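I've put the structures underneath this note.
Two complexes follow with chain A in common, the first pairing it with chain B and the second with chain C.
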Partner chain A sequence: MTEPLLQLDGLSVSYRTRRGPVPAVVDVSLRLNRGESLGLVGESGCGKSTIAFAIMRWLAGRGQIVGGRVLFEGRDMAGISREELRRIRGKRIAMVFQEAMSALNPCLTIGAQLTEVLKFHENVVGPGAERRAKDMLAEVRIPDPDRVFRAFPHEISGGQQQRVVIAMALLANPALLLLDEPTTGLDVTVEASVVRLIAEISRRFGTSLLYISHNLALISRVCERIAVMYAGEIVEEGPTRRILTAPIHPYTRGLIRCLPESGADKIARPLSPIPGQIPAPWERAAGCFFQPRCGYARDGLCDASHPPLIGYGKGSTVRCLRASEIEPGRIDAVAGEAPPAADGVAVSVDRLSKDYRLTPPGLRGLLPFADPLRIRANDHLTFNAASGRTLAIVGESGCGKSTFARVLTGLERATGGRIEVAGTDLAQLSVIDRSREQLRALQMVFQNPDETLNPSYRVGRQIARVASRLLGLGRRERAQRVRDLFAEIRLPAGIADRKPRHLSGGQKQRIAIARAFVGNPEIVVADEPVSALDVSVRAAVTQLLMEIQRAHGTTLILISHDLALVRYVADTVVVMYLGQVMEVGTTSQVFSAPHHPYTEALLAAQPKLEDDRGLHAPVEGETPSPLDPPQGCPFHTRCPRKVGTICEISRPSEQVTPAGHRMACHIPMDELVRAQERATT
Partner chain B sequence: MTDATKAQTTPTLRSLLAESPILIAGLSILGFWLMVAILAPWIAPFRPNENLVPMALPGQRTPDGRLMLLGADHLGRDVLSRIIYGGRTVLTYAPLATLCAYSVGVTLGLIAGYKGRWIDELLSRFADLVLAFPVIVLYIVIIQKFGASGLNILIAVTLASSPGIMRLVRGVVLDLRTRAYVSAAQMRGESTFYILFVEILPNARGPLIVDACLRLGYVTITIGTLGFLGLGIPPPTPDWGSMINESRHFALVFPHMAVFPCLAVSSLVLGFNLIADGLRELSLAD
Partner chain C sequence: MARLIAQRLFNSAVSIALVSIALFLIFELSPETVAADALGQYSTREQRDLWLAANGYFEPMHVRFLDWVRRCVTGEFGQSRLYNRPVSDVLGPRLAASATLAALFFSVLIPLSLGLGIAAGMREGSMLDRGISFASILTTSVPPFASAVLLTAIFVFWLGLLPGTSSMVDGFRWKELILPAAVLLLYDFGYLARITRASMADVMQTAYIRTAALKGLPDWWIIFRHALRNALIPPFTVIMLQINWLIGGVVVVEFFFAYKGFGSLILEASLTHDLFLLQACTAVSVLLAVGTQTIADIGYGLLNPRIRVAAAK
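Then we have the complex of A and B:
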């Protein structure tokens, strides 16, 4: 057997804190052969990033390797001098971090930063270094290497920054590339192309990859093997295909089960969340760490002794005492209930526009009569939301979906058009002008669980305040309402006496949902309600939101970039790009051909568990700046189905089918169907 | 780290203190001066305006045999007793003036940061105007015009410090007003007053407390300076600044008249600064 490139032998890492040492990584053993790619998947706080830092021997001040060894190319990293370590980092092991912007020095050109790598590690300078740097930029598919070479980091887009960081990591031709959530913060279409690049690289350069992510679907696109981490240890490891199709460990099964399957909707296959939440290092259970959340746990066995990692078939290991008894495989679906039939329109949006004015940068902005820059965040939006149903608005960042939410809720005033709710036009009515009844009828769930609740007050008090403002309840009735709501969101009533910082992200988001439903609103706007949560918690919160909606018969307007979630939750879908509506239809209309070419690109970019490594090409390029939107069809700059100059000159008018499927594209719908069906077969 | 890390109980006061020796040092100095000021009538060996032996050196005794530990000034008043009583003056006026400056600065800062547009523009430009003026000239103009009194010190300090506080608060509010809980409050129809003082202000407390401690130090120096310029609390009320001022003509021959009040001022300012540093250190830890 050949010597592995990287070997971790019972690695344990602890952080020193006020409460004493906190074990972040517990007894982790891994092998990575030359040219192999290994994915490390796990939710926040499971220790996956700590492993990457421990490999580089780059733990922050409070971190410490307390046991085990890291062998790189057969040498123990612990015995290597500082000077030699400097040579190994970057030359033999390179790392790509989450935030590309903070990995690049804003004061130096891209070229200077790239050639520095060659100068330091290979002592190559001058035109030779420049040529190699530009070649590498071309290798990472940067369209204009000469321009980017001279550019400063802020002059290129986020996706390009991440490509530059990858180019920089590859320049010294390292044997091992560590990638720590390299696509976080990128839009789906950009993420898809960066992931495709990474997968290509490992094949072309023979570089070994250690890919760290919380996203199982993304990892499965790049890696041959996957190790699943939970609470600081590896619970299952094996070939990607086996992990995806026949997971053994209950946690792995749970992780896969709580991802909405791309083909499924809420009736055919409801999400099954993992109960409970990830334990903090000092709260880990006796016996198996996962046992308190595990559906297979058996008293007297799983809580008695800590399970060892045992071999399971060829090349797989699993840490479960009941592994041999559990049937491997995905878990069967339980059918859900169909929603009640729709009766009428709750929100009617008619040619709604919203412009933002920006002060021009520089000295010009100081002039009192300077022409303000205008950003058209919403451009003549038209669609209806059926009452009691879920309408989803999808699109990438900057498409104007959150702006629409702010206009609808009255946090901003529209520039033109109408939003009709219960017979009144709300477009020009900002929150201060709305009556108590209008405020009560329309509430919102916000995105970021850390900002949604006021950190200074107990959460029960915050909900009681809403009850007194919107319903005018007295003290005793308020307390009762808080208790009822806590029962409804399935949190113990004792939580009402806590402040937000003592709650987990999932709990905070549940309380935010409760706050939105205090006054029994007819309409609730949810702006990316689960995107900041951990995967295993996401499913539970989604499920809760849908249950409450059904119980109250509320119209839900869901704003999201996650197509799988939208397909799962929504009845009607609106696809937006650069402030304009591209496509509107029922979920089945939007998710089956004909698609608008942009919807098609979004669907292609969506990471899926099913198609293992078949990477069909998503669109290249990035969303143009809303300050300078393209003429004609906004999507023509990236559209793979662009027909010609007509797309650049005239804005397509909307095609409407009798079934109500609307789409703004120059290509006739029946032609689109034919082309798209050809592409899939 | 994770959510769960944050989910621990709040650290107790004792564990906080154990984390920061600087904070302990600062609090000890402040505590010492507070005790001295409160207990002045019981611990001061003489009444502050009692005329004993002019220019007595430290350690000299009065004719009736009582010890003047730090000597006496040109009017024969015991320096130690005047420092002890002077602590009362400074520890009354410094916090009071800081409080006044904060009430004005915080209110204006909240309004400027939250309302934005022309209100912000107007308040910010006015703050620039005051800040561009040399502070000491400002003090002198104000107090020359209205006369030296405790109240006028409060007014002068408020006028000079509140623009800086306003700037600080405005900056914090610009960040906090975009939080979802502020939007949530707007969406249940809360008044601007409620949003400013109940939703936003409590969350701005971190940087404000640190700044307040530093500012207490500056105000202590300011009051000393005003006293030194003869613009402070009118004599014969014991005041550290005026004591230093009175010692000017004799400082070369009788340095004890100047040295001890100076030490008192600097130790108190040091105490405030150490508290500010300690609090900042704690807020930066995790």
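Then we have the complex of A and C:
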């Protein structure tokens, strides 16, 4: 057997805290051969990023390797000198971080940050370094390497920033690439192309990958082997195919069940979250760490002794005492019930437009009467939201979906058109002009609960305050309302006395949902309500949102870029691109052919577990600037089904089927059906 | 960048124009008081009217404003009652004296405080960091009048190394500047050092410093190339704000050492109702404040490329 490139030998890492040492990683052993790619998957806080930093010997602050070894190319990383370590970092092992924007120095040009790698690792400077850096930018598919080389990080898009970080990591041709959630925060289409790039590059350069993510679907697209981590330990490891099709450990099964399956909707197969949440290191259970959340746990066995990692067939290991008893494979969830029929329209949007004005750049902007630039963020939107149902608005960043939410909730005033809610036009009514009743009836859940909740107040008090403002409740009624809501969001009432920083991300978002539902609103707008959360928590919060909605008959307007989520939750879907509506239909209409070519591209970009056809190309390129939108059909610059010049010249009129499926495309719907069905078979 | 500079210069021109109108109006509101101040409290009403007419106070307001602006620009601020000399003759040397003190102060303060602050911030929590933080708190908590007494006691009365007053009666001597500058330094270096330390410590925690380290760059390169420029933005702000304070606000130190600076001149002018002198001093202070703020804004643009974009938007 050849020597592995990287070997972790019983690695244990602890953090020193006031509670004493906290074990973050416990006895982890992994092998990664040259040219191999290994995925490390698990919920936030399971210790996967700590492993990456331990490999790099960058346990800043209080982290410490308390046991085991990291062997890189046969050498113990703990024994090498600082100077040798510096030579390995960036040259032999490179790392790609999450949130590229903060990983790049805002004050230095991209070029400066790329060429310094060559300067210190290969002693190449000047034009030679510049040429190599630009070549690498071209390798990671940056369309204009010369411009990007001179640009500052904030001058390029998020997808390009991530490509730059990848280029930076590959510049010195490392043997091992560590990727820590490299696509967090990117749009699905961009995410798909970045993941494709990573897979392609590792193949071409022969780079080994250690890919860390909480998203099993993404990892499965790149990695040959997957290791699943839970509470600092590896609970299952094996070839990707086996893990996906025949998972053994109950936790792996749970992770897979959290992922929306393509082709299923909320009635056929509801999301089934893993109950509970990952324990803090000092709260880990006796026996098996996962046993309190495990549906297979047996008293007297699983809580009695800690399971060892045992071999399971060829190349697989699993840490479960009941591994030989439980049938490998996925568990099918119970089908849910169909919602009651809709009656009436809750929100009626009619040719709604919203323009933003910008001061023109250059010295002209200094003139007081300079003609302002206009950005059409919403361009004649027309659709209805049925009452008691869920309407989803999907599209990439910058498509205007959040702008619509801001207009609907009164944070912005529309430039034209109407939004009718309960017989009143809200388009021009800003939030300070709305009556208490109007405010109560229309509430919002935001993407990031940290920006919704005031960090200085206990969460119960924040909800009570909303109850007094919107409902005018007295002290005792308020307390009762808070208790009821906590029961509804399934949080122990004791949490009401905590401040937001003592809660987990999922708990905070539950509180934010409770806050929105305090006044029993008729309509709730949720802007990316789960995209900041872990996959497993996402499922639970989504489920909760749907249950509360069903219980109260609330109309939910869901804004999301996650099509899989939308398919699960929504009854009606609106697809937006560059401020315009591309397609409107029921969920089954939008998710089955004919699709608008843009919808088709979004669907192709979704990470799927079942996708065995490899990495196919969805759309390339990025959304054009809304300052200078394309003429004709806005999507023609990226459209893989572009017919010809007609797409560039004239804006397509809307095709409508008798069933109410609407789509703005020059290709007739029946032709689209034929083409798309051919593509999938 | 050109756009940022043009914008900032335009903004400062507007603020100067607004302040000059306000300043002019203060003296317009009650010409009676001005005349009384000029002629003394025992002057008669007729005398005051004659004085006002002679000084053009009965002209239309806009004519008088333009005339006032013209005189300000050419340095004719009128006659100081206190010194019985043209205001500009009094003002010039005082400003020069304050500027000299400020220059000496900054030439020591900036290397000292930035150096200590960066060293402390690079390794948060180290012995060096704690030592510097402790010394800064200790020195900043001693007010200048107390440290002036202390330093005088040591260097003038006990060691006899330095002169106790700094009135420069025998012409300019560097030796006389040392004590006033030392008192200010002792009071101020800790403040700037702590600002720099906090900013540097923040920068060292950022993801881009981690990226730089994991790219295998040497420590000195990470500090000088990646950390410093980002870390210098807050201390730069503080330094720019302190120019105003040093020129006009260090009255205690100027009085203690009998140093003829600009701060003590403003105090004298306001205590003696020397209106023309006061008006000139205020104009100079405003000009100074607006000027340093403009430089600070342009400096931010140089230090932080994101601000250039924000300005262009």
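Throughout what follows, the second predicted complex is superposed on the first by the 619 of 681 C-alpha atoms of A that agree within 3 Å, B and C clash if a C-alpha of one lies under 4 Å from a C-alpha of the other, contacts with A are read in each partner's own complex, and residues count from 1 in each chain.
Assume a contact is a pair of C-beta atoms (placed from the backbone, for glycine too) under 8 Å apart; a residue touches a chain by one contact, two chains touch by 3 or more.
Please read these numbers as outputs of a predicted model, since none were measured by experiment.
> Should A:G416 be classified as contacting the first partner (chain B), the second (chain C), both, or neither?
A:G416: touches no partner chain.
> When the two structures are overlaid on chain A, which partner does A:R501 contact: first (chain B), second (chain C), both, or neither?
So A:R501 only meets chain B here.
> Scan A:L453 for contacts with chain B and chain C and give back first, second, both or neither.
Touch partner of A:L453: chain B, not chain C.
> Touching A:L439, do we find chain B (first), chain C (second), both, or neither?
first
> One more residue to check, A:W58. First (chain B), second (chain C), both or neither?
Once the two structures are laid over each other on A, A:W58 reaches chain C alone.
> Regarding the shared-chain residue A:P21, is it in contact with chain B (first), chain C (second), both, or neither?
Touch status of A:P21: no partner.
> Touching A:V466, do we find chain B (first), chain C (second), both, or neither?
It touches chain B, and chain C stays clear.
> So, does A:G35 touch the first partner chain B, the second partner chain C, both, or neither?
A:G35 sits against neither chain B nor chain C.
> Taking the superposition as given, does A:G276 touch the first partner, chain B, the second, chain C, both, or neither?
Touch partners of A:G276: none, neither chain B nor chain C.
> Hey, what residues of chain A end up touching chain B and chain C alike?
Shared contact residues on chain A (touching chain B in one complex, chain C in the other): none at all.
> Considering only the defined contacts, which chain C positions touch chain A in the complex?
2-3, 6-7, 10, 206-208, 210-218, 221, 225-226, 229-230, 303-306, 309, 312-313
> Which bits of chain B are touching chain A when the two form their complex?
Residue positions touching the partner: 1-9, 11, 15, 19, 179-181, 183-184, 186-190, 199, 202-203, 286.
> Inside the complex, what are the residues of chain A that reach chain B?
15, 17-19, 22, 44-45, 277-281, 283, 409-411, 431-432, 434, 436, 439, 443-444, 446-448, 451-457, 462, 465-466, 469-470, 501-505, 515
> Which residues of chain A touch chain C in their complex?
Touch residues, chain A against chain C: 56, 58, 60, 86-91, 94-95, 97, 99, 102-108, 116-117, 120-121, 152, 154-155, 165, 168, 358-359, 361-363, 365-366.
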